[in-house]
Structures are given as C-alpha cells and as structure tokens.
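Input: structures, listed below.
Note that chain A is present in both complexes that follow, paired respectively with chain B and with chain C.
== the complex of A and B ==
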C-alpha cells in the first residue's frame, strides 16, 4: 500500500505556488522525477521518463514566469502523458513492440497545447497496445500495478495520479480506458465530447471514438486541463470549438432539482455487489441533496458492447495497416521479400490481442460480412445515439457505475471479457458523449469504484459542476465497509 | 428475446471460425500465426463472434447506419503544404533508408 494522497496538492495550487515564487519550478520538477523513480519499480506507470527535457523546460517556464509572459494557471506543473500521444523528439511507443524505439517528428495537438501553457511533461505513461484495452494488460512493457494492491492491474495515468507522484495526466479513451483507469484508482477523469479535443497526434485505434482527456485527483484540475487542450484544430477536421468551463461558477452549482436518468439495464447487469452498493449509495447521496432520479429504458444498450467490438475492430484493422515495417518502427530482420516484411513484422511485432482485433476487423469489413456485422453495428450505434438524445430532453445527466467489477488481478486476459468490462462505458463512446468518472467508494482493501456521469454533447461544464457538487457532499470520500 | 432465426432475412451461417477461415483472415490481416496460435485464435474469435450474434436481437430495420455521432460541416482548406521539412528526422525512424528514401527488399523479380 503506497497511497500517500494527503500530501498531494492540486495542480492549480502548485501552479499558484510557482507564480507567487513560493516554490521554484526546477526544484519541484526534480522532486517529482525522483519521486517517480522511487515508486517505479513497484508501480510501473511510466514507459519513458523525460528527465533532461523536463529540467530544461522547467528553466524555460520559470524564465517566462519571471518576465510575466502570458502563462496558464498550470504553468510549471508536471504532467504525465499517455504513451499513445506523440511527443516531438521524445520516444512514443503506443505500448507496442512495433514502436519500441519510435521518435515522433511532431507533437499531438493536445500535448503541444499543454507545453504552450507551460506544463512540463515528465514522462510517458504505460498504455495498452495502441489503446486496445483499459488497464495496461496488453502493453508490450507489461502491466501497471494497482496502487493499493500489487497483484492487480491499473491504468497507468490514474495509478500515477493516485500514488501521488504526479497530480495530473492526459489519457486516451476509446471504449472507456480513461474512465476505467480513473474509477479503478479512485481519481477523476473526463472523456470529452467527440471533437472537443483534437486527435492529431493520438495514435489512431478506433478513430470514430478515440478522444483525449484529463485525469487528476481533483475534478477542477481536470476542468482546467480540459480548458487548455480543447478547441478547434485545423489539423483535425472533426474537432470543434467549445466553450471553456468557467471554474468560478462551479461553487454555485446546485444538485437540487438536478434531473438524473439511469438506464434500467444498468441495474440488471451482472455487477460486483460492492460496485452496486456504492452506486446506490451515490444515488442516495444525490437524492438527499434534492436531485431527482428516474430509471428509463434505452434501446440498444444491451447490444452496445457487441456494436463497439465490431466498430472498434473494423477501424483498428484499417488504422493499424500502417504498421508495416517500412516507414517506421520494427522490421522483422529475416524478411527477404516485401510481403515477408509486412507479414513477419506484423506477426512478431503485434501482441496477440492486437492481432485478434485486427483479424476480426478484417472479417467484419470483408465483402461477405460487411452488411451483417459492420452496417448492423452502425445501426445499433444510431439507435443508441438517438436514445441518448431523447433521454437528454428529460435528464441533465445519466449515471451509472464505470466498471462492473473492481480492479482485476494480473492474470492472463481474454479479449471478450475485456470488451465486457466496458459495458457501462461504451454507450457514451458510441454516441460521442462527454462522460466523467468520479470516485464514489473504496472497499476495505483500497479498491475504488467510479461513478460515471454522462451528459449531452458539449455539456462538460455541467458534468464538472455536478461531479464537483457530488464530491463536495463527500460522495467520493467515504470508505465503505463492504456491507449493504 | 428475438433470435437470429426469427428475423426475416436469411439466417447467417454459424459464426464459428475454422482452420480455413483463419488462414483467410491471416492473409487479409497480413499476419502469420503458428499452429498453436492458429487454434487459440480460432477459439477466441469464435467466442467473440458468438457474443456478437446478439446484434441480431435488435430490430434495426429502417435505421440509417451512423458513422460519426457529432455532425460537423465539411471542412475546407487551401491545398498548400504547411509542414516544415522533417525528412531526416522521419528517416531516422525507418528500419532501413538510402539516399533519402525508405529502403525495401526487391519487390519485382
């Protein structure tokens, strides 16, 4: 057990200390990096540390602050970045053996925006191979350990934040990885509306659902980071301009009268009893503050995971065709002909889960199966999106647990059960909706449960308001005894 | 619960992946599996396909497929390069390169 959260300051407070001159940035960065190095052998959160670059950046940002240059509130704050996002001149592996030594020639827009805002990237966080998974089980570099139990897995961005070595991170979310990671480690995370954050420089897994978002122990830090990274990017034609979240208005957000919808299948699902109890307690807490809860039925939710599996594999098979051993990354050394280069590189380079998903994707997109699987999945997706749209005429937010189970053990995984773990998270991904994960319970062993708050497109401010109000009433702070 | 067979279109063949199909998929995916991997993959893929059969339980007649959930306007830009020249940096990532080009084995006999 190595959680020492009480010493962790919010990113905003750290930024304030830099601006006031109370703490020198270089010193803080040095402390952060040695803290990471100390915890790494146990936690295995980072794939690469940018020690030298971070020190240089610290000096640069400190200079900017001294000369009163325009800097964000988070200037100088150390941040970790999921290794599926490109960092110019600094190794980016995507958790894959195919890119073990890859050095990007540009930075992801979200990464660039963090650095423009003066945030300091201290390293790259472990990730499932090309994001295919949630809790680093498929990473080429091995899984990240859960902060509370070394025998269990965790999403690296959330584990690093939960263990206190960094206060915030950028993660990616396709079917729910960012939310799953946050829930499992008892921290906050927001998957923004599709298009709210540019995907340029995020290694494409399933392009119609991939999104970048923040993870932090504090929901307001998440909002602050989202404000930095969001917005239209000319290099991602699906990105859009969104209103920044006004943090000064969060205090006045009231839960009284908040209309909460809960899809009825979410109550019927096969969910861990502790997760269920925590979810019900969260609903009780919200109701006691005057929120109104109601169950409703949303057509297609039962089939959401199946639709997600089809669509994500189909898109992954197309996106990962670029891994061919020609332009970058690993090439199988023994290949003699061009087609051997392709085949051997992909056979040796990809992990078995990635291979299965690519093969499935090819199957779904093959001429004889396209209609039966791919188009049908897109129709289910349409029904789900429509269902949400009509539900949001009646509800402000839709709630569910984030994961049906507690953090899994480090054991051989199974692709189908990984899909099933995303039962609560894929609907928002399919519909492109923003969704936050906020802590709503912790069992006696320190394993956390997350509450998912889904809102209409571009309702990030409302979700943050509701999440913050929920946390203010202590929704996420209590440790439950496991009864109820 | 509606089963696949209740739907008025022709019921699809049982979704299980055999040895022949695995080879076809290996070809499509440009991935070669060893004998043991082939068996395990066939088993795993069949399990996933079994699960996915539930897509047929939902009546989607007349529903238009949705590819992108958030509609945006078509985006246009000038057809003008804005990148700086990063050829050397890019080539450094290539497994093999020669004279400023990616090098590949002989492609034509």
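== the complex of A and C ==
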C-alpha cells in the first residue's frame, strides 16, 4: 500500500470522534484489527493480536464515555505496544524464542497507564530480541518489512504507524531503536528523558539507558501519549516526576532565534549522501525561519558507540541471566544436568546476536577487563553527559540525522556494524537526554530520513514545540518536491 | 615441632528481621509453607524492578553504630552474577564497592583477656532461596521464601588467634544484634551464618599463610570443631611439605573434616558491577544522629550498670547481659520483686538449668515476662515456700501458666499458721519414736528426717521455718 500521511488520522482526531459519538469505538476497533490482519502477511508488524480483549475493552471504554466518566482525549484509540512490555494475561515474547509462550502476571506501568486512559491495545509489535537491535533483524519471529520496500527491514511500531493500520504505538529505546525506527518509516517518535517514563514491566536490555516512548504519525499525538505515560512510579526508583506538555502552547512556538548546535563530528561521519543532503536541507529550512545554527565540538562523541556497546552489553549480560530455563520460558528438553539446563537452554533459546552481546558483556565485566572496558566506558559516558550539559548553556536543541543510512535490506547483519548504525543516537542515550525523531526527507524509493532533535533533561515540551514548528513549515519534505 | 599460630577472619551473614523483603513487599517471615512469600520481583520475572526497603538501611546503620563503624554517607548496590536455581535473577544484589559501614570494632573477652576485634566493613545484600531435594521423585525443588530477605554481612579483620576468641566474638555479636532488634540471630534457622577464613603460620612470622575459607557451619560448637580440624590439616600440610591452596571448603561436622568445594566454586568470576536499577543510598548526618540517639543500652554498658547498681558479681552480670532475652526476664523480675540480686540468682540458677535441660536458647523462651517476679513476690511474702517456687517456675517455663493461678489451683499455698501445723507435728513425733529418741540422745541430724516427714504430711506446703521451730518445741517437750 502507498504511504500517504494525509490518509492517516491523528489519534487525537479519532479520540474526538469517539467522544462526539460520530464513530462507535467497537466498529473502529473491528476495522483496525481487520486492517492489521489484511496487511500482516506482507508487513509482519505484529507478534500477537489481542482481538478478543480489544473488543471487550472497546465495549468497556464506550460505556465509560457514555456515562461521561473522566477519560483522556485518546480514550478508545487503538494502540500497538512493543512486545518487550509486559501485558498482564496476554502473551509477551520480548521477540525471543526463550519467551515464545510467556504470559506475564502484571502489566508495565506505561501499558497500564494507556489502558487506564481508555486506550485500547490491539496487539504486540515485533521487536528485536530483548530490544537488541533497531529494525527487528534479531527478532525470533523474523524481521518486519519496510512499508515502502518489502525487501528492506523496519522497526515494527513505526512500520505499523506508517502503513496506517494504527495511528500510534509505544516502543522502547535504549541506543536509538525508537528513533531509528521512526526515521526509517517517516513517522515521529520521542525518546523521553531517562526516568520520565517508568521502566517497570519493560523487559530490561540495558537498564541505565532503556526508555519507553511514543511513536505516531503526528508529533502532537506523541506529546499526548507522553503526557499519559510519564511520571514518577514508586515501583521504579530511577523514575522521576516530569511536567506535562502543554499542547495548547505549541502553535505559538517560534523557530525564530532558536539556538541550534550541531556537533562537528556529525558532519565528518560516514553518512549516506541522501541522509546528508536531507539533513542540510532541514538546517536550511530552520535557518530560513530565523533559527541560528552553529557547529561545536563535543568531547567523547567519537567514543560514544564503543562506550555504548560496552555498557549495554555489560548490563544486558546480567539482565538476561534470569532467562535460565528454571522458572519460566523455554527449557532445552534434552538437558539432563543443571549445567546442561543452563547451557543448552541459553544456547538454543537465544538468537546469535543476543548470545554475542551476552558473551561480550561477560567479557567486559570480567575481573581482569572491568577497568579497561567497563570503567572506561563509564568515564566516556560521564564526559559526554558533561559535554551536553555545557552545550545546552549555549543551545536550545542539538540536531543531527537519526541514522547514517537508509533502511537496510533483509540480509545477514553483523553485530558490530549494527552498533555503527547507532552513531547519532547513542550520545543522547548515554546522557539520558530526551530526543525526538521527525521526518525530514524521503528518497524516490520511499525510504525516509529522520531529523534528530536532542534537548536538555526534561525539555520534552521544547523539543515537541521545535519539531512541530519544523513540520509546520514543511520541514525537509518540501525538498523532495514531486516525490511520492 | 615448630610452634604455629592460627590466624582467622570471620564473615558473618545476618538476616535482618524486617517485616518485608529488601526489594519487594513480600513478607520476610521464616518457617512458612514453601513459596508462600513470592512475587514477580523476588522470582526474577522479566520487567520487574527493585525498590529499596528503607528499614534495611536503618537496621544496617544501627548495627554499624553499635559496632563502632563509620557510616558511609554514600553507599551503592552492585550485582554479583552467578547461575544457581536458588537465585532467580541469576545475580545477587550486594554492596561490593561502596559498603554502608566501614572500620568498626567489637571488644570481646576470651581466656580472661579483653581483646579488640576490628570490623573491616558491613554491607547490605539479599539472601537467596533454598533448594529442597525431593527423594520420592528424585528431583530438586526451589523454595523462594528466603529470596531477597535482607542480610547484612559483617566482615572482621584477621584478628582471631583461637577458637575461643571466635566463639566469644560470635556470642557478643549475636547479643549485640539481638539487643538492637535488627536480627533474631538464630544459627539453627540460618538467620546467622559464619564463614571462617583461616591460615596458619609459625609463631613470630609476620607473613600470613595460605588462607582457606570454610562455609556451612551451623552452630558455635561445630565452628570450634571446624577451626580445630582445619588448623590441624594446615599444620600437617606445612609439616609434611604439602602445598596448601587458597580455596573454599565445606566443613562436614559429622566426618570432622573439611572438603574442598567443587573447583568451579573457587574459580568463579562474579562480574560485579553497579546495579543500574537502584539509586545510591545517601545517608544524612541528621539521620545518623537520630539512629544513634535511639540505640538501646548495649551489653557492655548494661553489664557495668548491673555491677555498679545491683552489686551483681561480674560473672553473673556477664552471663545475664549475654542475651537480651535473659535481660528481659531479669529486668522484669527485678522490677517486680524489687530485689535484683534474688532475681539474678533465679535466672542464673533456675532459668539456665531449665534452658539447658530443654536444650533451648534464651530466644526460644515463651513465658510471660511477669511470671518470675510474681513467683519471687509470693516467695518473700511467705505465700509459697522455695520448693513450691521452683516447681511453679518450672511449670511457667514449660507451659507459661499463670503462677498465682497455678499455686491456687494446686493448693500449694504455704501453711505457716501454727494452729494447722501443730497437730501434724504431734502425729509425726508420735509415729517416729525411733528418730525422736535418737534426737533426744544427742543425734541432732535426725531432725532433718523429722522435718522431711512433716513436710510430706503437709504435702510440701509447710513453711520450713515454722515446721522446724514447732518440731524443736515438741521435741523439747518430750525431753521431760
């Protein structure tokens, strides 16, 4: 199917139609699910559909709306949830063979908040195994197809939104998966400040960087969803309270005088020419609205990918140790002794990429390597965080492309080169900063490019304002005039 | 033969007696049905996160202050990774790099000498579950009730030179932690466990010998035996020129020998790193001050006060203050009967004997704290005699009866009115003419026999003094 942003309704508009009674929720949910089922053989976005539960929820929410109960603006709106987030009583696989039949007994806080707000979870979206990757290449269930090119891969949440089967989704972002998925499919996504959204119920990959955020075709929908899921959770010690984004003030956000910083190393990198061109055109567009751009040097960025690789593998190696075949999930049936249970369960259960990262993580944390790798990576992380903090005294936002390349082909990948794809996105992850991905270009084959906007901690409102203003002026899109 | 000395350090794990576990809301109670206290968090389900039970920090700080430690203003949790079915997350949360307490000490008395034992550190960690082997089905089952129960590990300096010192330290530590109310320290239930690091060197040598660590010691007695056994093994090895290796060994108390644990155990790399799910623990001065102010009187101060205020012998004061449970019985009894010496004597003789006969620890006592005082009051008021008092106390100890009720129901009130005793005395003198004539012939000892007969006739309730007086009076009358 062709992707046309015009035929995708915003979640807010759908919610409005439910409240006004113009569209019955049940009917819309039914349409949504049959739409998904129709596209699924080609798209492969969903791991599990919650058809029955969604219908029941639709009836419940409709009842609530009729009785004028307090509901959010998005009550009744169908939403997809990345399969690394626990959904109580409903299968949650984390994209892994180890949890192929796993049914959690509790819901992630973010999921619970969506449901409390009346949003209807229609199914679970394909994901890299325990989020280890960006574009579903490592999923046990196979990769998701890019909406514009079946031979290429895509992040499932973004692909589902881009193909129009749902208007919004929750995804997770550790080193940039959410942002890269959004960029690759030409939709919007926000990775919030670390701690802004509770991680309770998100299967951990790298706990110090994992964050849940929204993906939607519309940046204001992202903001609306972020307002629903954000906030301090007593069950997540690392979560924090955050101001809600005031959507009524977005219209008045002006690009004039906006101070934009671009780390110079971002220009020097090995980036796809189309990505580069789109980025420059986006900067031109912003400057033409009065924004001021400046390049600066941010120490440690050249080591960001390495530091990210070390920290994420180290944390993942411990986080995934609980998948041991003892308590739940897959256990190698032929294992006889305890060590066989561990060895076979984990070497058969985990995909090769997960195994590589776990082994790397164990290596980095081993007593002889700890200082050389792990502590050094922490120092780089601290250096980058410090660099950002001082840069944000001069700039409102820091911009970069999201991914150095266009959506890759469905072909064997290599773990290390996959890390290189995270070049632009890991710095914000390491520093715990909020960052949005907004579409800024599409090549003649329909492959999209994203613009990353990074802000200081808790500056989500400012990022959304800048992103919205950028999209209002046509952003990078007008530069491909005449293209589909 | 060269003279050797044993050098030891001790790591003591103590389960804290908080109501709930360290990182979830599950109950930390001991002894319930397997897996009665498990949630997603302590079972290591994906997506779960720990939230620190603040009470655990408070208890650790209490212990640290009582053990004269510096309290770290900044401490942090680390993950210690290893695979075992009793560890659901496959890592234990502990404090390797920044423990909550450092550099403390505890003074002990061993072989009549006071010695200061250095405490290197105290850190907080979580306990693991328990594997239960099911012989019927020949499989192992896991009980997660103890998973995530809070522990503190108290690591001493290598300051011990004898098993006596080790036992004195453990007893003092146990008493102190019980006073603080931070743990019940029951070795047999595993809420207090000790690992001993031991090495042997020639007397006078400055260098430490090869160190082995012994685990799995379930009582103070087995610890003393393990130290003796392991010391012998080290000396034998040194003398016969064998090489000792640094390793972890398991003490088998039945066989009286330690065995090396699987080599894997010794080659483990725990891949420690800071737990990203938990914020550092920041302790304010004010908080430390508050806790310090709330500390109870500790064994040492109490002992000095008992000697000073109550005039108790040092030995008695030492034993009494050795357990907060003995202290509780003693202080309550002394308070009720206003006679600390008498109360102390009863605890030191009767209570310790009862405990010993029943093979019980003071913490296992179940009777009402008021009972001993009530008995002592009845005794001084002459309501019961000493023999009845002992019998009643044994009954109290055994089944927590109300002493006043017990004495009344069993008709044990002392008979001391001469009117009731005199006829009995007459009967006894009439019935035992042989003893009477022996007494009159100058054998004063036979009065004991007559007293016994009289008490028997009075069913034990006679006031011994009155009985004796009346007997002498009756005998004098018969001198005639």
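Everything that follows uses one rule, which is that the second predicted complex is superposed on the first by the 473 of 484 C-alpha atoms of A that agree within 3 Å, B and C clash if a C-alpha of one lies under 4 Å from a C-alpha of the other, contacts with A are read in each partner's own complex, and residues count from 1 in each chain.
Criterion: contacts are C-beta pairs under 8 Å (C-beta built on N, C-alpha and C of every residue); 3 or more make two chains touch, one makes a residue touch a chain.
The structure displayed is predicted, hence computed values, not measured ones.
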Touching partner for A:237 - first (chain B), second (chain C), both, neither: both
Touched partner set for A:307, first chain B, second chain C, both or neither: first
Chain B versus chain C as contact partner of A:105, first or second or both or neither: both
Contacts of A:379 with chain B and chain C, given as first, second, both or neither: first
Partner chain in contact with A:342 - chain B first, chain C second, else both or neither: both
First, second, both or neither for A:327, with chain B first and chain C second: both
Contacts of A:83 with chain B and chain C, given as first, second, both or neither: neither
Contacts of A:457 with chain B and chain C, given as first, second, both or neither: first
Dominant contact partner of chain A by residue count, chain C or chain B: B
Partner chain in contact with A:129 - chain B first, chain C second, else both or neither: neither
Chain B and chain C contact sites that coincide on chain A, given as residue numbers: 102, 105-106, 208, 234, 237-238, 317, 321, 324, 326-328, 338, 342, 362, 366
Residue numbers on chain B that touch chain A, as the complex places them: 12, 17, 22, 25-26, 28-33, 37, 40-41, 44-45, 47-49, 51-58, 60, 63-70, 72, 75, 77, 86, 89-90, 92-96, 102, 104-107
Contact footprint of chain A on chain C as seen in their complex: 40, 43-52, 79, 81, 83, 85, 88-91, 142, 269, 271-273, 276-279
Sites on chain A touched by chain B in the complex: 89, 101-103, 105-106, 193-195, 208, 234, 237-238, 240, 299-300, 302-303, 305-307, 309-310, 317, 321, 324-331, 335-344, 346-347, 350, 352, 355-356, 358-360, 362-363, 366, 372-373, 375-383, 385, 414-416, 419-420, 430-433, 457
Chain C partner contacts - residues on chain A that touch it in the complex: 85-86, 92, 94, 99, 102, 104-106, 108, 199-204, 206-208, 234-238, 314-315, 317-318, 321-324, 326-328, 338, 342, 362, 365-367, 370, 374
